[in-house]
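Below, subunit A partners subunit B and then partners subunit C, in two separate complexes.
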Partner chain A sequence: MNVTIYNEGRQTKVVLDGRLDTTNADQFQKDIAPLMEGADPDIEIDCEKMEYTSSQGLRIFLMLQKSVTGRGGKMVMKRMSPQVKEVFDITGFSHIITIV
Partner chain B sequence: MEKKFNPIEGKSGAIIESVMNSNDIPSDESLQFKLRLSVEEVVENIVRYAYESGNGFIEVSTSVDGDTLSIRIKDGGKPFNPLAKKDPDVNASLEERQIGGLGIFLCKQMMDSVEYEYTEGCNVLTMKKIIK
Partner chain C sequence: MEYKENTADYGLDLHCTSIIEEYRRMLPVLQKLGDLVLSSIRKCLDRNRILVTTVEGRIKQEASLAGKLELKGLKYNSLSDITDIVGARVVSFYYDEVDKIAALMDNIFEVDWENSVDKRKALGKDSFGYMSLHYVCRLPKSLYFDPDCPQINDIRFEVQMRTTLQHVWATMNHDTGYKSGVQIPQEYTRTLSRLAGLLELADDEFTRLRREIADYRRRTEQLFKDGDFNEVELDSNTFRSYLASEPFASLLRRISDINQAEIQPVNGMYYLPVLLKMGFSTIGDIERLKREYSDAAYQLAVHHFSGTDIDIISSMLALQNLCFVYLVDNGSGAAEIARFLDKVNGKSNYNFDAAARIFNAVKSLPYMKKKEKKKE
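Let's look at the complex of A and B:
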């Protein structure tokens, strides 16, 4: 799983590439640690190349969403594959995370 | 296919791949996604929680009978029926939503059937999926 983080104006963009699973979830959590701080965050996560996520990934996306909401910011996940979207739908994560 | 791993600490990835590389696994990508997810969630639970010492064995096996694929995952850890756990509230708000507890729920949703038994000192979880 490759994680690219960059800023565009006020917005933080995150590009995910690969499989997010039990073998790399801890590393992913470390990679996105900078997104867990700062006021009024505005984060867009591009999931086009995220091939897979298990509950290990969901756990981290939920932590991030809670953190962002708690700091008065907004987070959007975009271009999810139908299979990954299904995981978000089944678990009800589609109701609590904005997916476009 | 049948394969036994011991020790299992840090071996989740290898155990999952051994199942996914079995000739019994269909080539359809959408099915593979669901199977991989189900296997990962079960294996991860065992590696993390089954053995007090953190180590023991996992035995995985796959078989196909007609149009049904079976994946069996066995461990010798403390007796634990993952299916007895209450499903998470998928309608909970962001504030109420608990972090964790989704793995076995996902497995149950992705497979056509999941059965648990405790036999001869082992936890045995058998998952089935219609693949044709």
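Let's look at the complex of A and C:
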């Protein structure tokens, strides 16, 4: 999976492209590690090109959201495909993670 | 009266001037006493878990003392006759707590009963005004003793105890005229008395309300203990208690066992308005939902998770699935499920598609098919 991270004003944008599963979850966690600290914690994750997320992905999103809200910021996931959204729905994570 | 550097400048007689001079000499001891009184009160309230709005203290300002002596200096032989040089005030939330706090003050300090006054009772039955309990106390040696400063245990201080609303009235009354030296017109005095009556009524109502809520909680707890859920109205208190009893643990465990999933704990209070909107009015209604639809909710989870490696779920998934099957079984379509998702997860463009998927999934469950067959 390709991960692109860039800043737009005080917000960090993360663009995900591909499948997030057990084969690349560790790498993804390393990629987003810098987002777990810093003074401007607001994060927007663009999921338009994300094809799938496994449970590992859910755990990482949850961890990132906790870190962001712990620093007074907000994390939102956007433009999710119905297939990816379904994973959040059937696990009850659509309430836990902010999806717009 | 304003502060004067030279005590003679207050224009008091020799006797009163000597009291002011005594005050100046004693000031460090008075300040030490004030600190000890405040910290003792705070510790005592903490130990007894009494929540109050304010604990405050002050040492009477020299100018204020001079003003007092100017008016009634002959009444006092020495500084020790003035009992409110060191003062503390405890402001409670509720009327009935004032007496509780008073009992605690009696425990920690030596109360001078002769000079203590319950101003709540000093008012006639048909008049309204200043309501506060004033205890004149001494610091007992058992609480604090310093051989280099034994006089600290002899100095009397005043502890005022009142409710927040009594405090509001006293402050407003003070601000609008008392001690200002100007006679207030009778119409304003009457307004202040009416306000005192109003606040006294509000104090009583708040105290009554708290007692009734406590009674309601006790009754509800008993109903929970007795398992009489039909009598327990669904509200934030009962739903919180109900969730604390982990009512969906068994179904959740069955669901998590499908893929040995980890359960992510979530506070489920957000379901309360949703359940009320769905027409559930007692805890018994939720128990019935659970009894009737647990198998179907489990089947829905199997439908979702079999063939996947998803091994993390929200602790509210059991209730979510129960609601889905309840809605479909009671004739709701995708539109109603979408509205349910709007309330549970927030409004989103995704919700209608998700609702359609859920509707079809529920319709395909063995539980629903069996029901359909029975109807035929």
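Just so it is clear, the second predicted complex is superposed on the first by the 99 of 100 C-alpha atoms of A that agree within 3 Å, B and C clash if a C-alpha of one lies under 4 Å from a C-alpha of the other, contacts with A are read in each partner's own complex, and residues count from 1 in each chain.
Keep this in mind: a contact is a pair of C-beta atoms (placed from the backbone, for glycine too) under 8 Å apart; a residue touches a chain by one contact, two chains touch by 3 or more.
The structure presented is a predicted model; accordingly, all values stated were derived computationally and were not measured.
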Subunit A as common anchor, with subunit B and subunit C clashing or fitting: clash
First, second, both or neither for A:Q65, with subunit B first and subunit C second: first
Which superposed partner A:V100 touches (first subunit B, second subunit C, both, neither): second
Partner chain in contact with A:T23 - subunit B first, subunit C second, else both or neither: first
Touching partner for A:Y52 - first (subunit B), second (subunit C), both, neither: first
Subunit B and subunit C footprints on subunit A, overlapping residues: 22, 54-55, 58-59, 62, 87, 90-92, 95-96
List of subunit A residues in touch with subunit B within their complex: 21-23, 52, 54-56, 58-59, 62-63, 65-66, 69, 83, 87, 90-92, 95-96
Touch list for subunit B against partner subunit A, complex: 12-13, 16, 29-30, 33, 36-37, 40-41, 43-44, 88-94, 97, 99-100, 102-103, 105-106, 109
Subunit A partner contacts - residues on subunit C that touch it in the complex: 261, 264, 266, 270, 301, 304-305, 309-317, 320, 341, 344-346, 348, 350, 353-354, 357-358
Interface residues, subunit A side, partner subunit C - complex: 22, 54-55, 58-59, 62, 80, 82, 85-87, 89-96, 98-100
